[in-house]
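Both complexes below contain chain A, partnered by chain B and then by chain C.
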Partner chain A sequence: MTRANLILLALIACIAALPLFGGAYTLRLGTIACMYAIMALSWNVVGGFAGYPSFATAAFFGLGAYIGGVLLARGMPLAAAIPIAGVGSFLVAGLLGAALLRLRGHYFAIASLSLIEVFRELVNNATDLTGGGMGLNIPLAASAGVMADATFFFYLMWGVLLVTAVAVIAVSMSKLGFGMSCIMQNETAANMVGLNTTLYKSIAFGLSACFVGAAGGVYAAWVHYIDPSDVFDILYSVKPIVMALIGGLGSPLGVTIGAFVYLGLEEVVWRNYIQIHSGVLGVLIVLLLLFLPHGLTSLRGWRLWGRAKNV
Partner chain B sequence: MLAAQILINALVLGCLYACIAIGFSLVWGVLNVINLIHGSFIVLGAYLAWGLYQSLHISPWYSLAVAAPLFFVFGYVIQRLILNRVITAPVLVTLTLTFGLDLILNNAMIYYFKADYRKLTLTPPMGSVSIFDVVVPVDRLIATVAALALTFVLYLILRRLRVGRAIVAVRLDRDAAILMGVKVNSIYAIAFGLGAALAGCAGVLMALIFPISPLTSTAYLGKAFVVCVLGGLGSVSGALAGGILLALIEGVGSAMIGPAHATTLSFVLLIVFLILRPQGLLGRKGFE
Partner chain C sequence: MSEILQLQSVSRRFGGLQALRDVSLTVNKGEVIGLIGPNGAGKTTLVNVVTAVTPATAGTVKFDGQDITRVKTYRSARLGLSRTFQIVQPFAQFSALDNVAAAALFSQPGESLKAAREEARRHLAFVGLEAQSGQQAATLTLAMRKRLELAKALAMRPKLLFLDEVNAGLNSAEVERATALIHQLAADGITIVMIEHLMKVVLNVCSRIVVLHNGQLIADGQPRDVMTNPAVIEAYLGQQYAQRIGAHG
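Take a look at the complex of A and B:
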């Protein structure tokens, strides 16, 4: 295990101590921080390891939120609903990936963007199951007070983050991760030497959806109300990319730190400039891409970018 | 008669869709950039038409002449100052960058115009014509003709003008065009400016037909995606074919399975087309 991965695990372990220090607001921030880190780590599997510019994160976040939400609303316990949301997202993404990942570059980007639209419209129109545009109410579990709830959902999201980080590190050290980086560097060559690229790419896409879906399920249970325009927000697709770009593409530690840095910036902007927060986010994205295109931990990312010129 | 009405509606709407998509297609084809600001350009054009009509009572038909140069300069400057710096970067960077620019422009519009839906209502209204029970509103008909005219103007520019030939040359083979002495950076900026000008003009026409709000920009952008993929990139005829096909599918889909599913249908079709025929209806294979 590399030093960066150990630092990542240590960092996540440190976060677990958060309830000792803060109130409900801190825990809320901590929960979102874990959620963002899950998204960034997951996106990194397909975008950083395999080099496919996926904009489908929001689609699977929403899918997971609705799988989890519908199951919870039908009375299934949380312990079953969250894993089902994750596994369901994995399967859907893997199957879709087998078809979509034959596309490259711009076409793949457009297809993955459109996936959000398709899922949102499907959920919008399946009113009987999902409540459509009216949204879905998820019943409150027996509550033991505000702080207890906040702590519970914080640890739930943190648990998903831990599983995500361990899985991503395991992938990066395994033959699977090696295959993905081969695909990123030269897919045709990887295919030629006998790598089953379709299978590898589908698994990468599935993994990038799996934990995001589980996080979506936790999110649904946490906020008790979801509606299609909320969870299928295209911003959920772009934010992980921005985080990964901040932290340096490809490194799990980098993207996690990127997620935390991004959350900090977002929170400051939200609190102070609510009217123009999305514009400020836009300015941030533009500045980042123009002046820091290789992120904060950029020395390694530099070489990766150089290779990807003709994607 | 229902079939005839659906067909006519599709033709009318299809030309407008083509007009929405053609600037997007030009930018994608020439600069190899998926331009996510396109939708917001269209909405800004609609606001321009609305503002000119409300304050100075200038008819939208004349607003076209204002919008085209204004948006051309706007697009030219954005390309030169911002987009040009990352033009050779992979799709991830260019796409995210245009998304950031779109956030800024869209937020600015929400800030200044508020998110209220507005409508440009001509006084007196132009009414509608009916031929053999097929009813078409006159303003929509004129907008369609104007959209076709704009598309034709672009066609002429690309075919007849020296700069147009240079744009086509850069699209076909960038390196060869450089060797022939084409100044690629300036062609990029001109193509982006043209794309923005077309978006602005499309917006002026949309103001006549659809409600205006910053929130509608993603819907326009979605249409542009689908039209480009259906018709194939980078050709004027492809955009027209894609636009009319999309309008037909939406019309028939709305009539058969209900309007709620029309958008889903069009996006599912987009994904199917991408997988089975990524070059589109009229595009050439391997022509990106």
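Take a look at the complex of A and C:
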């Protein structure tokens, strides 16, 4: 395993200690940090490894949230609902991917973007199942107080993050990851050497949806109420891309750090510039990308490490 | 000699352009065939049709007795049909070794990455790139990238190998080196169809020449016969010149 991947696992292990240090607000931030990291790591599979710029993260986050939410509302336990949300998202994404991934570049980006709209309309119109525009109430799990709840959902999201990170690292070291890298670099050549590119791209798309869907399920249980405009928010698609670009495209450690840095920026800017926070955040992102086009992992110290490893 | 590739009345149309018209061709095992023709004759299209990158719009392609007209590119690659590209197609960020390893890995089902890298090392040594095995493909010279293409094609353990202008853009020393490699492959029993503009190379290695012109097959036979075929001379040099040669000869 490479050094960067070990650091990533160590970093995630450190985050687990968060409940020792903070109150409900810190835990809430920690839960969102884990959720963002899951999204960034997942997007990195299809966007960073396979080179397909997907805007479908929000679509599968919402899908997972509604699969999880509907199952929980019907009395299914959390331990079953979350995995089903993940697996369901994987299957839906894999099947859609086989069709969508015939498009490349901007065309694929737009097609994946439209998935959000399609899913949102489906949920809006399936009123009997999902509550439609009225939203969906998810019953409270037997509550043992505000802090206990916060801690529980923090660890739940953290667990999904851990599974995501381990899966992404395993993919990056496997034949699957090697094939995705081939596709990113030269799809024509990949096909010509006997690589089933459609299958590999579909798996990449499915994996990028799987953990995001599980995170959506956890989110639904956590906030107890979801509605289509909340979970099918296009910002959930854009943010992971910004995180990956901030941290360094393709590197699991990079995109995770990117997710944390992004959340930090978002919080600080939101707190201090409440009137113009989107504008300030936008300027900061533009500046980061202008001066660090290859992300934080391209900073000098990191680069030296990278070289040493490759020799 | 048994047939390895059979094209029956193959046509390919791109909108209003008939790139291949009713081409029938048989390739026998162990042959080295030169596929020549003026620019735009349809040589690369023929390779693309056989490998189903752009499938034939009419006719059938049979490889080793199996109909592969509409078989997906990656499947025909696994059957033992491999090619190099006129415009080299490396995995630019991979090392030379991983480029060849990718070919070994994905063309043989069940191959592990480690075994593929081992095998890749052998093929790199064969084309004389072992010193560059760790180097990023994008940083290799054109001649080296052409040889890398060849190593990739070989790592797929081809039964039939299409070489699309492996010598284009190389200097004469590099051409000689590439020609020696092709000789060696032919001696190893790999069937080769090469698209080539350098007649010196074609006459040197090919036992048979096939000529395409405007998407049609206009000659097929021994190098000497094809070279003196009036239709071929006309395709390359124009009607006037062909008549002048005809008058003199």
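In this section, the second predicted complex is superposed on the first by the 296 of 311 C-alpha atoms of A that agree within 3 Å, B and C clash if a C-alpha of one lies under 4 Å from a C-alpha of the other, contacts with A are read in each partner's own complex, and residues count from 1 in each chain.
Throughout what follows, a contact is a pair of C-beta atoms (placed from the backbone, for glycine too) under 8 Å apart; a residue touches a chain by one contact, two chains touch by 3 or more.
All of these numbers come straight from a predicted model, not from anything done at the bench.
K.L.:
When the two structures are superposed on chain A, do chain B and chain C clash or fit side by side?
P.N.:
Verdict on chain A: chain B and chain C fit.
K.L.:
Which partner does A:P53 reach: the first (chain B), the second (chain C), both, or neither?
P.N.:
Touch status of A:P53: first partner only.
K.L.:
Put down the vertex angle at chain A formed with chain B and chain C, C-alpha centres only, nearest 10°.
P.N.:
80
K.L.:
Which of the two partners, first being chain B and second being chain C, lies in contact with A:V286: first, second, both, or neither?
P.N.:
first
K.L.:
Is A:C182 in contact with chain B, with chain C, with both, or with neither (first, second, both, neither)?
P.N.:
After superposing on A, A:C182 lies in contact with chain C but is clear of chain B.
K.L.:
Figure out whether A:L95 sits in contact with chain B (first) or chain C (second), or with both, or with neither.
P.N.:
A:L95 sits against neither chain B nor chain C.
K.L.:
Which partner, once the models are overlaid, touches more of chain A's residues, chain C or chain B?
P.N.:
Result: the larger residue contact count on chain A belongs to B.
K.L.:
Pick one for A:L103: touches chain B only (first), chain C only (second), both, or neither.
P.N.:
After superposing on A, A:L103 lies in contact with chain B but is clear of chain C.
K.L.:
Can A:N196 be said to touch chain B (first), chain C (second), both, or neither?
P.N.:
second
K.L.:
Quick one: is A:A111 in contact with chain B, with chain C, with both, or with neither? Answer first, second, both or neither.
P.N.:
first
K.L.:
Classify the contacts of A:A148 with the two partner chains as first (chain B alone), second (chain C alone), both, or neither.
P.N.:
Neither partner.
K.L.:
Nearest approach of chain B to chain C by C-alpha atoms in the superposition, in Å, rounded to an integer.
P.N.:
Taking the overlay as described at the top, chain B lies 9 Å from chain C at its nearest C-alpha.
K.L.:
What does chain A use to touch chain B in their complex?
P.N.:
47, 53, 55, 99-100, 102-103, 105-107, 109-111, 113-115, 117-118, 121-122, 124-125, 234, 238, 241-242, 245, 275-279, 281-286, 289-290, 293, 305, 308-311
K.L.:
Which positions of chain C touch chain A when the two form their complex?
P.N.:
Touching chain A from chain C are residues 51, 53, 72-75, 77-78, 82-83, 85, 89-94, 98, 102-103, 105-108, 112-113, 152, 155-156.
K.L.:
Would you tell me which residues of chain A are touching chain C in their complex?
P.N.:
174-175, 178-179, 181-182, 185-186, 188-197
K.L.:
Write out the stretch or stretches of chain B touching chain A in their complex.
P.N.:
28, 32, 34, 82, 85-86, 88-93, 95-97, 99-108, 111, 218, 222, 225, 229, 260-261, 263-264, 267-268, 270-271, 274-275, 278, 288
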